[in-house]
Amino acid sequence: MIVVMKPEAPAEEIDRLSAEFREMGLTPEKIVGKHKTVVGLVGETAEMDALQLQDLSPWIEQVLRVEKPYKRVSKEYRHGEPSEVVVPTPNGPVTFSAFAPLVVVAGPCSVENETMIVETARRVKAAGAKFLRGGAFKPRTSPYAFQGHGESALELLQAAKDATGLGIITEVMDAADLEKICEVTDIVQVGARNMQNFSLLKKVGAQDKPVLLKRGMSATIDEWLMAAEYILAAGNPNVILCERGIRTFDNQYARNTLDLAVIPVLRSLTHLPIMIDPSHGTGKSEYVPSMAMAAIAAGTDSLMIEVHPNPSKALSDGPQSLTPERFDRLMQELSIIGNAVNRWEANPVPVLA
Amino acid sequence: MIVVMKPEAPAEEIDRLSAEFREMGLTPEKIVGKHKTVVGLVGETAEMDALQLQDLSPWIEQVLRVEKPYKRVSKEYRHGEPSEVVVPTPNGPVTFSAFAPLVVVAGPCSVENETMIVETARRVKAAGAKFLRGGAFKPRTSPYAFQGHGESALELLQAAKDATGLGIITEVMDAADLEKICEVTDIVQVGARNMQNFSLLKKVGAQDKPVLLKRGMSATIDEWLMAAEYILAAGNPNVILCERGIRTFDNQYARNTLDLAVIPVLRSLTHLPIMIDPSHGTGKSEYVPSMAMAAIAAGTDSLMIEVHPNPSKALSDGPQSLTPERFDRLMQELSIIGNAVNRWEANPVPVLA
Amino acid sequence: MIVVMKPEAPAEEIDRLSAEFREMGLTPEKIVGKHKTVVGLVGETAEMDALQLQDLSPWIEQVLRVEKPYKRVSKEYRHGEPSEVVVPTPNGPVTFSAFAPLVVVAGPCSVENETMIVETARRVKAAGAKFLRGGAFKPRTSPYAFQGHGESALELLQAAKDATGLGIITEVMDAADLEKICEVTDIVQVGARNMQNFSLLKKVGAQDKPVLLKRGMSATIDEWLMAAEYILAAGNPNVILCERGIRTFDNQYARNTLDLAVIPVLRSLTHLPIMIDPSHGTGKSEYVPSMAMAAIAAGTDSLMIEVHPNPSKALSDGPQSLTPERFDRLMQELSIIGNAVNRWEANPVPVLA
Amino acid sequence: MIVVMKPEAPAEEIDRLSAEFREMGLTPEKIVGKHKTVVGLVGETAEMDALQLQDLSPWIEQVLRVEKPYKRVSKEYRHGEPSEVVVPTPNGPVTFSAFAPLVVVAGPCSVENETMIVETARRVKAAGAKFLRGGAFKPRTSPYAFQGHGESALELLQAAKDATGLGIITEVMDAADLEKICEVTDIVQVGARNMQNFSLLKKVGAQDKPVLLKRGMSATIDEWLMAAEYILAAGNPNVILCERGIRTFDNQYARNTLDLAVIPVLRSLTHLPIMIDPSHGTGKSEYVPSMAMAAIAAGTDSLMIEVHPNPSKALSDGPQSLTPERFDRLMQELSIIGNAVNRWEANPVPVLA
């Protein structure tokens, strides 16, 4: 149930109401929007009568029922207002939101050594990226493939952060590593293969760092939103949804099918910000630029792009990585679309000497 | 095999060579590009030696083997030069090509009556469309559903053409109707369900009107290109490839999954122009604008958009149709992206009084 | 609407009622079952009242509404009684039905020459097959691949029929060939790629030979049944539904995913007989035997199995074809399951000397 | 690399060789088959020469290279001999293997209370099942849905085991629960959603209980085998592969598409035993019997079937659960096919008074 308060409702009245809801066995969550305050109610509301709830206070404007299986992630839960995931980084806070300029995340699939990660960080920062991505713990199909440098890679990510001030995004595969990862990372990534690892979702929901939730390879939109709901239900409201391509019958040229229609679909269903990953989404670096352009035109809030100083020697995902030079040029191409749709930050691409 | 001639090769030498190839049992096709002339060779070339062929004339620059299963539609067959499908319409010729401004095709799913089709034609023309789409013969899942008005609908399309000068695109389902359809239509559409109706492909390949070939619901890129190859092999070089969404595991919100990555994929494989149909591709009018924007940013050559004067009363596909008003606004939104990527024709959207 | 007559209802009363239905603008179809007669009504019945219809005659037992989009193919339309498709062949009539012994169809993908087709026919007949399959007109992905020997292959099929008395199944791709094909074939096949070629469905529905309707590569069960409905609606009640594998994300080992659950699903929805094609369904001869065994255990009415005298030299589909020797052994393996589930005809496998 | 020893090779020679391999930096694993002993070698073997290795001992019959990405699970690794997973239960050891009689696992989706689980255990045992399945920790799409009774459910499974002597199979979702689960369970299940939870795979690989590895919803055969390889590589050779339906475009009637062709495909690739779960595989109890019959005919080693004393009141997966009565009848139906293919244990279904 969603309780929409009148614009001028006094804070004490909202607190009083919340206490009353708690006594009724419900969990109220106050969401202060730009124009209104809304109180989301989670619990056994199926039998409750919206009109009776409305009688609890003259400051209630409306009581609405959420029909969707997901509650906290639904658009209705914030009365239509997109949420803002604000992430502190050494270079200052960065906001992921439908209201904010596009945020670009870039970096290699895995952290290989200090030189490569610090150098890549410098290059992607210069081109306008706000976050560095880089895998320390890597989910690999084969037990014999490179599994990431693990903890020592976390130190290298810290070094890259110190050197550039960029925010860090890295993946957690095992809840046992979560604490260590969160000492370094600014956003915790849950990968596609773990999208329905419900134990892990509960644990990233019970800590404070924002969570990047990648869509599972064959997850429906509803399953994806329900996975996000696990995180919000565990107490963490800061979730970013990342589309990275789905599995279909056709993978001869593009490794996955990048489902860009999730942008308008999610916009109509949820208040959470959206990221598109055209690198995993296509699996081939030559397809990345046009899909990145398309994602911005379709309204994404963020992009994740793989950049590696030497793609042909990458320990993983080389074929889908751009060189720093190509990434640099891409950012200039993206700025054209970004400016056209008013989502490009003033002057993000410094002229390189 | 592709025989690339030197830039200054004399026409008589090319003719002489072609005659020689014919004697060898091959079918030579001369393709005059902007910079060079290329001779495509179809036939039993598997055993032939490229170097030996090169010795046939000092005017040959290079002989290349096409490794792909498709030959005539391959990029190599035109030595990398995109083809131009030029379609005469009462308002003048319209070019579909990677080199030309974006072409917008709009109109209803089916032709319902004269008023609606002529009125829709007027509205979409005013908004900047160059072609009117409208179904006379409709492929319907149920034998009991409205099957299109057939021949009488062709007359109504003619009336709309007379009234507006727009080009016409309509679908052929049965080769027996092809002649009648071609009296009216400027582009013949082969629908998704008939993409591998090889008898029909041979017949549209044996006539002169350009062909719009929709991708089958579960066709791979290679199968789609091979279907186009059937048309070219039958003698018709004017084919436009139209992506209209593929069938995947997820159709709860969007009816199909619009596979926009076909744009860079096709660009790397074929010289044929590309059209995107976000209306069938998503099945819901509210998702159409952002997918149309994305398609332009990704580099499509053309868009097909369903427009109906009264979508809620449409005899078919109402939920995915825009009203003329919404289409009008969309064209202005599209012009922003179209101008940004330099694919928007000068002044296509007249200011409406 | 389904009008179930009382068991002892007089024929004249049923005729009188049918005339009355016709006057009401409906199309009545009398279906004489083992125990009861049922009158199916097609037309604008949405507004009609079942109880009012029941008042039309005291011999009516019940009036039922068919809620499904398909009517004539629905189980309700025959009041739950499976239909029997009886096909005359030189060796006598063969029945495809849930009530009849399993029918095995075997033969090569394409008819290559007289020796191979007559020899194959002899071998599969000796092993217990009742029908010979063999392609005269072949749907091929490439315009440059072998397209079948066409009309001359029909003569070879006739020769094989004359030599063995087997029934013939061959595919129609173009309505223009239908008449010639029907001079030879006993069952007309509509292939997977033409499952929604509605023009062709109407035409095979308007002739007399039974139709084998293969499921489209990505057709849902409902779409498949609606395609069958086109044939029944056009006047031909003799349709056999053939599952031949669907297209999914996984085709590394098996070319398609054979969807055997269609057997119980179709049984709950339609009265039409079912055939399973494990050769196309898996694409590899070594997987065919276990899938054929599974299909019988699951309750199929019929099997279609590719057999070629020399698979490694086959002009098409070699990898999925069994040799006559392997087919012979397979039939003996199948008889074990067939006897266990009581669907094996007495003594179909003659002991080979 | 696979080192096949001659039949009469002395044990000491095999030990000596193994030591030599270890010095070369390889990990040798001795596999004693029915007829021969084979030594599997894992490590950096890409550069090694098979002929040179053969010179290491006159008792070596052959040295073979495994070309597949999976090594320990490959059929070659055991020189073609199927493995036997022998599971001790109070009623005696039960063997899962291509050589052993079919093993039936049955029980409810989740453990609801003591009466229901003990009663269900009694009923399925009486009908011939060897294992009881029952979820204590349940992976649920919604955080608000019943998540299983957790630890207390483990006690109830123990009670059912004590009462009947059946082996227990239950799922682990979180490595933190593994120890507690293994105190009760005889086989640890890794569910479809965790098939690529590589951290969990490593942990179940590092303990002793056999592992049931369900196929992920959109996992290819190779990904599935690689997931099993993670478990074997971590030291646990006892893995059973369970097909439970894949996700495709069609889920209107059956919830998933049961991919029975995995039976011959896996048989050609791996030595591990196979289980089929027609309950999840179809999602509807009325489709379960025919798919269970099909699975046996196709050669499965084991079946997992959901049984609930009152499916319409089940806390989860009611629609796909059989009643104990229906399960009882099903076992008698299955015995017909099981006996026909020689995979039914003598007298497993006691005659019920």
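Note that the chains take the letters A, B, C and D in the order they are written out, and that residue 1 is the start of every chain.
FYI, contacts are C-beta pairs under 8 Å (C-beta built on N, C-alpha and C of every residue); 3 or more make two chains touch, one makes a residue touch a chain.
Please read all numbers here as calculations on a predicted model, not as lab measurements.
Counted by C-beta pairs in contact, the busier of A-B and B-D is A-B. Centroid to centroid, with C-alpha atoms defining each point, chain A and chain B lie 37 Å apart. The geometric centre of chain B is 51 Å away from that of chain D, both derived from CA atoms. Across the assembly, chain C contributes 218, 222, 247-249 as residues in contact with two or more other chains.
The touch graph of these protein chains is complete, with an edge between every pair of chains. Taken together, the chain B residues at the contact with chain C in this complex read 42, 69-71, 139-144, 173-176, 193-194, 196-200, 202, 217-218, 222-223, 226, 229-230, 233-234, 247. Residues of chain B touching chain A in their complex: 218, 220-222, 246, 248-250, 252-254, 257-261, 263-265, 268-269, 281-282, 286-287, 289-291, 293-299, 336-337, 339-341. Every residue of chain B that touches chain D in the complex is listed here, in rising order: 218, 247-249, 251.
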